[in-house]
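Each of the next two complexes has subunit A plus one more chain, namely subunit B in the first and subunit C in the second.
And now, the complex of A and B:
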C-alpha cells in the first residue's frame, strides 16, 4: 500500500464525484416526478387510469435495475435507434424510473392515509377534485411521505454506483480503475475512501430531508420542536443531581 | 336569500330510498322543510337521520327508482330536482357537474369538525370563498373576519386547528360553512365529539345564528335542550321512516308514540 500514491490520486476524484452527485440529484428529481405521476394515477378511482400505472409500477419493480440500466444504455439504441449522447443520461433515466416506481407506492399510501373527513369537508365547501388535491390532500400527504422518500433518496445515492457498469466514471468507477492499477495494490484504501464519501453524501441527504420534514410539518401546524403531548411527568428537580445522564 | 316563490318548500324528499347493500336505511321517505325552518332530527343510531344530512350534502347518493316520474325517489331543493336532473324531459341521476352547482346552496358542519389542518383559521374560512365562489381575497377575508368575530375567535385567526380546543375548532367549522352563504345549514351531531364544558360555547354560537338569520337548518343532535330552544319542529325517526313529528314542546312533553317515549326517556336519562 502506497499512501503517497493514494493522496496524489485524490484530484482525480473531483470529476467522478461530480458525476455521482449529478446522477443522484438528477435521477432523484426524475424519480420524484415519476413517483407523483404514478402515485396519483394508482390512486385514481378510474380503472383506465389506474391499470396502466399499476402495470408499469409492477413491471419496473419486478425486473432487475441492472438489466434496465443495460437496456437503456445498450439495447434501446439498437432496437429503437435512439442513441444517448451521454451514457450518463441512460443511467439517470433507468434509476429515475426505478426509484420513481418504488416511491410511487409511498405517494399512493400517503394520499390514501388522508382522513375521509377531509375529503368530505372538501366536498362540502365545493372544491373541485383538482382543488381538493392541491389545497387539501397533497399538503397533508406530503409531510407523511418525506421520511420514506428520504430512505429512497439514500438508496438511490448508493445505487448510483451501478452506472459504473455502463462505463460512466463515477466515484465507484474511478476507484476501481485507480485502485486496480499495479495489480490492485491500492484497492483497499480507494474502496475505503469511497465508502466514506458515500456515507458523507448520505448524511448530507438525511440532514437536508430532516430539515424539509420539519418545515413540512410546521405547515400542517405540527410543532416538531416540542413533544406533542407529555407522555410522562417531568422528572423532579433532584433526580438529575443523583447521577442524571445530562 | 331564498327563492322568491317562497311558499314552496326549500327541501322536499319524495319517496326517497337509500340502501347500503342489503340494508335499507331510508324507506320511501317523504317530508318537506319550509324556508327558514329549523328542524331537529332525533332517533336511535342507524335510524337514517345522519343519512338524510349526507344525502343533502351529496356525500351519498339516493338509491334511484327505475322510473322517477312514477315512483319518486327524488330530492328537490328550492323546487328543483337536486338528487336528479332533468334531461330530455326525464329525471335522471344528477352528474357531478350538476351537483357542483346544486350543492352551493347547502353547507354542513361535521361531528369531527374536519377543519383543514394544513391551513390556519383564516385560510380555513377564506380558501373556499376564493376558489369556489371566486370572491376576491379582500372580500373573502373581511367576510371571514366578520364570521370569526361572530363565533368569538377573532383573536385566533393565525392559529392552526391543532392549536385549538375542540370547541374552538367547531366554531371555526361553523364560520367556514357560513362563509359560503348557504341557504341550508346541516348540523351533524356537532357537539358529540366535544368535552362537556365546551358544548355550551358551540350551542351558544348556533343559537345566535338561529336568532339572527333566516337560514334553514337541519339538526341532528342529542342535545334536547338545544333542540327545544332552536327548532320549530322535531322529527322522530326509526328504521328509515318518520315515527312522529311536531313542535318541540309537544314532542318533548307529550310524545304520542311508544318508540318516541322510549327514545326520549333513554336520551334524557343520560
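And now, the complex of A and C:
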C-alpha cells in the first residue's frame, strides 16, 4: 500500500464526486416527485386512480434495484426503443423511480395520519379539494414524512454507488480504476477513502434533513426545541404528531 | 445491441435460473446472519458494558451509512489479498450482506425492546428473576411480537439486493446474463428482463405474507 500515491490521486476524485452528488440529488428530486404523485394517487378514493398507482408501486418494489438499473440501461433501449444519450440518465431514472415507489408509501401513510377533524373542518369552511390539500393536509403531513424520507435519501446515496456497475464514473467507479492499477495493490486504501466520503455525505444529508424537520415542525406549531428542557417524561412520538398540531 | 428474441428467452432461461438459485442460497446464508447477529447486537447493546456498546453501535452506524457495493469490494479485496485467497466470493459476499443488514435488523429489534413497557422490567426486577430469565421469559417473547414483521421486511429488502454481489464475481442473475451475452452475443436484454420477473414472482408473495403477519401481530398486542 502506497499512501503517498493515494494522496496524490485525490484531485482525480473531484469530478466523480460531482457525479455521485448529481446522481443522488437528481434521483432524490425525481423520487420526491414520484413519491408525491404516487402517494396522492394511492390515497385517492377513486378506484380508477388508485389501482394503476398501486400496481406500479408493487411492480417497482417487488423487484430489485440492481436489476432495474441494468434493465433501464441496457434492456429498455432495445425493448421500448427509448435510448438515453447518457447512461447517467438511465441510472437517475432507475434510482428515482425505485426510491420514489418506496417513498410513496411514506407519503400515503403521513396523509392518512392527518386527523380526520382537520379534513372535516376544511370541508366546513368550504375549501376546494386542492385548497384542502395545499393548506391543510400537506402542511401537517410533510413534517411527519421527513424522518422516513431522510432515511430513504441516505439509502439513495448508498444506491448511487450502483451506477458504477453500468459504467458511470462516480467515486466508486474511479476508486476501482485508480486502485485497480498495478495489480490492485492500492485498492484497499482507495476503497477505504470513499467509504469515509460516503459516510460524510450521509451525515450531511442527515444533518440537513434534521434542520428541515425542525423548520417544518415549527411551521405547524410543534416546537422541537422544547423537549430538551423538559422535566417530565417525553411524550410518545405519535401523541406529539396528533396532539401537537391541534 | 440485439433485438428482443423469444427463442433466446428459452435459451437463456436455464442460466438465469441457475443465478436465481444462487440468489436464494445467498439469501438463506445472509438472512441467517442478519437475523441472528442483529438480535445479538440489540441484546448486547442493552446488557454489555458501555465501551462495547459505543464501539458496536459506532461500527454499525458506519456500516448502515455506507454503500453495500463498496463494502463488498473492500472486504473482498482485503480477504483475497491479505487474509485468505481461498475464501469464495459466495461466502465473503454473504457475510458482508448479512452484516450490512444486521445493522438494520438490530435497529428493529432495539425498537422492539424499547417498546416494552417499563413495568415489565420493574416486575422482572421485583421478582428478582435471573438475567437469562428476564430476557428469555419476559423481554424476548414480547419483543419478537413487535419486531418480527420489521425484520422480515428487512430480509425481503436484502433478498432484492443480492444481485449487487455480482460485482465481486458471484454468479447470480446479472452475472449469468452477462456471461451468456459474452458467449452467444445475445441474451442480455432477455436475461435482465427474466431476472426482474423472477424477483417479482418470488418477492411479491413473501411481501404479502409479511404484511399479513404484520397485521396479525399488530392485532395480538396487549
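Criterion: the second predicted complex is superposed on the first by the 228 of 246 C-alpha atoms of A that agree within 3 Å, B and C clash if a C-alpha of one lies under 4 Å from a C-alpha of the other, contacts with A are read in each partner's own complex, and residues count from 1 in each chain.
Definition applied: a contact is a pair of C-beta atoms (placed from the backbone, for glycine too) under 8 Å apart; a residue touches a chain by one contact, two chains touch by 3 or more.
A quick note: this is a predicted structure, and the numbers were derived from the prediction, not measured.
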Clash or fit: how do subunit B and subunit C relate after the overlay on subunit A?
-> fit
Now for A:191: first (subunit B), second (subunit C), both, or neither, which partner does it touch?
-> second
When the two structures are laid over each other on chain A, which of subunit B and subunit C touches more residues of subunit A?
-> C
Which partner does A:63 contact after superposing on A: first (subunit B), second (subunit C), both, neither?
-> second
Kindly classify A:78 by the partners it touches after superposition: subunit B alone (first), subunit C alone (second), both, or neither?
-> second
Please work out whether A:2 is in contact with subunit B alone, subunit C alone, both, or neither, and reply first, second, both or neither.
-> neither
Would you check which partner chain A:126 touches, where first means subunit B only, second means subunit C only, and both and neither mean what they say?
-> first
Is A:202 in contact with subunit B, with subunit C, with both, or with neither (first, second, both, neither)?
-> second
Smallest Cα to Cα distance in angstrom from subunit B to subunit C after superposition equals 24
Within the complex, which stretch of subunit B touches subunit A?
-> 57-59, 100, 103-104, 106-108, 110, 112, 114-120, 127-128, 131-132, 160-163, 176-177, 180
Can you list the residues on subunit A that touch subunit B in the complex?
-> 115, 117-118, 120-121, 123-128, 131, 135-136, 139-140, 219-222
Which positions of subunit A touch subunit C when the two form their complex?
-> 58-59, 61-68, 70-71, 74-75, 77-79, 154, 157-162, 164-165, 172, 175-176, 184, 187-188, 191-192, 194-195, 198-199, 202-203
For the complex, which residues does subunit C have touching subunit A?
-> 1-4, 62, 65-71, 73-74, 77-78, 81-82, 160-164, 166-167, 173-174, 177, 188-189, 192-193, 195-197, 199-200, 203-204, 207
